[in-house]
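Take a look at the structures below.
Both complexes shown next keep chain A, but they swap its partner, so chain B is in the first and chain C is in the second.
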Partner chain A sequence: MRCPILLADMNAFFASVHQAMDPVLRGKPVIVGGDPAKRHGIVLAASYDAKACGVKTGMAVWEARSLCPRGVFVKPKHGCYVNFSARIIRIMRDFSPLVEPFSIDEAFMDVSGCESLFGTSTEIALQLKGRIKREVGVLCSVGVAPNKLLAKMAAGMQKPDGLTVLDFPDLPDKVWPLPVRELFGVGGRLEKRLRDLNIHTIGELAVYPLPVLKKRFGLMGHILSLSANGIDYSPVDPHSLDKVKSIGHQITLPRDYRGYQQIKVVVLELCEIVCRRVRLGGLVGRTVNLTLKDTEFLWMSRSRTMAYPSNNAGDVYRVAVDLLHQHWPAWKPVRMVGVSLAGLVKNTVEQVDLFGEVEKTRLLNAACDRIKDRFGERSLLRAISLTPEGVLLERKGEAVRG
Partner chain B sequence: MKFACDKESLLNAVQIVQRAVSLKNPLPILGGIKFEAEDERVFLSATDLEMGIRCSFPAQVTQTGSSILPAKVISELIRRLPDLPIYIESDPLTGSTMVKYGQSEANINGYPVEEFPDFPMPESEIKFILPGDVLREMVRQVVYAAATDENRPVFTGVLLETGNGEMNMVATDTHRLAWRKINLEKYQDLNINLIIPGKTLNELIKICGSAEQNIEITVTDNQVLFNNGEVCLISRLIGGQFPNYRQVIPGEYISRIRVSTKELAEATERAALLTRDGSPIIRLKISDNTLVVSVNTEAGRVREEIAVYQEGEPLQFAFNARYLGDALKTIGSEDVNIEFTGPLSPGILRPVADIDYLSLLLPVRLRDE
Partner chain C sequence: MANIHDYYRKNFLYESHRLMLPELRDKVSHTCSQCKYMFLIVGKTESRPGCAALIPQYAGLAKRVPGKLDVTEVLRLVGKEGLERVLAGFEPQRQACGMFHPASVKKDGF
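Let's turn to the complex of A and B:
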């Protein structure tokens, strides 16, 4: 089979889920967005009817409302999206065991060797689309290609409800004329650096001398050149999600915080949330990342690796505060704070220490975890959450998810 | 400043003081070495404000004075000079220093002399003298256990305490501990307790060495000075209270082995090859006069058997290979005694027939995946 890789990409996924659950919404411009009162007023998804009015993902809710006054605004229901996503993955696994969930609304599938069961990959793609539509009630675009990279590009070519086969002979006509930013893995910053080399289209990148790309971008340059030529060696990995790389949490503050004293309160609360989740996964992490956004939406993200892996909020907090002091001026107001822990590994090894401190923290964390397991995430908070800057106490049901 | 000297002694002095030069300091002048010419001696000094080194060598001084030269340039230049008499002459007006060798010369622009931080020698009544080789060996056996991360400053230092005619040096990063005792009979009444930065002591090892050279140690409230007559090393002290280490050293054991230091060190190194970078954990199992060192990871398996002399119960536990390797490197005897009190209690390494040194190692707790 020449094109055994499929990518199924759900169209306007969040909006489609609401339409599937509530028939009244079908055929209406549905806009899924946050609550502007809590400064979460951003459009997360819009149905195709809403998109026709010019509503775009990431736009402010008030802006969407002025563009699309007839729009039906619904609040996001994360649990439902996860549930729908799992149902779609299950359907895909009926065709092949090699299914790699890529995001909440996309998944790769390798159907090599399935032809005698279900037919060619194009036939499988049609069956898959039909079943997702009938059984789940959402539409998807499927890309069929020799590898993951081209499947991803193919799926993006026809929306909604598309089915695109993209093979190597199609590259010069269908892929090379596209701007480089359409190439998987090329973001805004890289696009700009490529433009400096007078590379504007994927085709120009494909024929660009490899030594120059390697010198400029290192290993990334080599991968870029291969990608532009439609070459991608990565396998469909059904276990890619089993290994968590990082766990993080971020919060848009109810008002701008000023000064380390105020910001530190939220940082500590976030460290607690993140470390609790890391412990739930039976993991420890080494790299602490702190992300801050100011009122102009400029953001700063810095990380540092600790000498030893940890899942204790106190350790992570110490590093996060260090990063805060080092990289954020005290006067600058903060709008959003995020903390994450990366370099996660299974917590199978724990260095015992001379003074019994590790053991003490371990027991304390285990006790807190047991209380939270039984009485809920909010049953136990640090005293600092009671101060006016604390966000965990006020925003019930928002800050801690799953 | 104007003097003549030979290349050897100049290069030696430059390389010694260079250890205190800090190139990364925001204060650029700290990247410089101060040259001072006085009656028939030239003094070189450098500091990073935490630690300072001052060193001198004999020279033909024809004009006293001083200048401050960028350490990087001057050391690289002197290292490359031919083996000829060297004349150094500085011009206080331009701040430039001329280095003359044979028919050639180099002119190096220096820093303004008055901007170099003061370098006062600590003065105090509290002084004692140790042979260079004794101090060096003592420091070497202990300093490796000091912490490198600055979270808790006390643990980045080495405790030096004296009393009752003894001197103890202890370092710990909470995962391991090293302790060394020596007799200090000449100083029965000397009672001091200080924490010296591990960084400084690592430099001290490189400076002191020979048995003939005595090192005078001077202690003030916040500084310590090591002086061997030619080189002075001054360091600030770390404030705070060193934890009570005596309390955490177990007095008894349930199991003890005697094993060849070299064999165990080599087995440890081989086994560690297959472990994850961040946590090089190896398993040890003692039974029937055999020590089994093993590793089983995604990368593969290693199993090594070493014949040991065993006393007490069979036991198994896991260690960080790096810590075990460090401890074995400094043990300094052909065979090592290792005592255990339980799978999650410290293991104690002692050189055979030396009761004044021990290296303590905390195991790791393993959870089944």
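Let's turn to the complex of A and C:
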């Protein structure tokens, strides 16, 4: 089979899920947006009818309202998006076990060896689109190609409800004229560095001397050259989600927080959430990462590796606060905070301490986890979540006024 | 990254761009047999596993899903057709569906 790799990319996924759940919304411009009062008032997704009015993802809700007065504004329901996404992955796994979810609305599939069961890769793509539309009620664009890179580019070429086959002979006409930023893996910074070398299109990158690219960008230069020529050896890995690289959580604050005392409250709440998830996975982690964003959306991200792996919120919090003090001035207001724990391994060995504090903490965490398993995540909170700086209760609309 | 072979073998380009919600990860990397909704329907001559998410009283985990339930009780709750749906809803090795909740305790026989 020449082009055995498929990428299914759901069209305007969040908006499509709402339209699938509520037939009244079908055919109308649907805009999924947050709550402006909580400073989450941006457009998360817009249906194609809304996009035709100029509504874009990331735009402020008030701006979207002015562009599309007929638009139907709905609040996001992440649980529903996850359910729909899981259903779509299940349908894909009926065709092939080699399915690699890439995001909530995209997944790769390798259909090598499935010809005798389902036909050619194009026929499989058509069947897949039909089943997703019938059973889930969402449209998707499918790219069919010899590898993941070209499949991803092909899926983006025709939206909505597209089916594009992209093979190596198609590169000069369909891929090489595109701006170099369109090549998957090329971001803003890399684009600028390539422009400095007078490389503006993927075709120019494809023919650029390899030794120069390797000297300038190292290993990445070699990868760029191969990618521009449509070459990608990455496998479709169905076990990609089994290996958790890092677990994190971030939150946009309802107002700007100033001073370490306020920010530390949020950091502790995030450490609790992250460590709870790490323990649920039976893991421990060593590298703590703290991310902060200021009012001008400039962000800072710093990491530190602990001496011993841990899944205790107190240990992660101490490192995170240290990073906060070292790298963020106290006067600077904060708009968004994120904490993650990386270097995750299975929790099989524990470092024992002389006074038994580690064991006590472990038992306490286990008891708290059992309570939350039984009665829900909000059944047990730290006392600081009840203070005005706490964000967990405020997000649920149970703001505590101090 | 040591060399180009490792770069592709470890799926580095896609791993570095992958953003997965933990709830979605749970649902697509687990099977029915690891779900909280799985329970045993005890009949007269045999017992078979079923999916409690298809019983309204247990959907949404409003009530705790028991490890075992007598078939007469299931018939009382959902009727004969409902019983067939509950039985068909469980396949031990099939990918978990959208209603998946991880079972905190391993259930007997699974």
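Please note the rule applied: the second predicted complex is superposed on the first by the 396 of 402 C-alpha atoms of A that agree within 3 Å, B and C clash if a C-alpha of one lies under 4 Å from a C-alpha of the other, contacts with A are read in each partner's own complex, and residues count from 1 in each chain.
In this text, contacts are C-beta pairs under 8 Å (C-beta built on N, C-alpha and C of every residue); 3 or more make two chains touch, one makes a residue touch a chain.
These numbers come from a predicted model, not from an experiment.
Touch criterion met: A:Asp373 reaches chain C, while chain B stays clear of it. Comparing chain C and chain B on the residues of chain A they touch gives the larger count to C.
In the superposition on chain A, A:Leu354 contacts chain B only, with no contact to chain C. In the superposition on chain A, contact of A:Pro235 is made with chain C only, not with chain B.
When both complexes are overlaid on chain A, the residue A:Met21 reaches neither chain B nor chain C.
In the superposed model, A:Leu298 lies in contact with neither chain B nor chain C. Within the superposed three-chain model, A:Val207 lies out of touch with both chain B and chain C [touch as defined at top]. On chain A, the surface touched by chain B in one complex and the surface touched by chain C in the other have no residue in common. Of all residues in chain B, those touching chain A in their complex are 148-149, 151, 172, 174-177, 243, 248, 276, 278-279, 281, 318, 320, 344, 346, 360, 362-369.
Residues 78-79, 82-87, 89-90, 93, 100-104, 148-149, 184-185, 219, 222-223, 232-235, 237, 240-242, 244-245, 247, 277, 280, 370, 373 of chain A touch chain C in their complex.
Taken in their complex, chain A has these residues touching chain B: 286, 306-307, 309, 318, 343, 345-355, 357.
By the touch rule above, chain C contacts chain A in their complex via residues 1, 3-4, 7-9, 11-15, 17-25, 27-29, 94-100, 102, 104.
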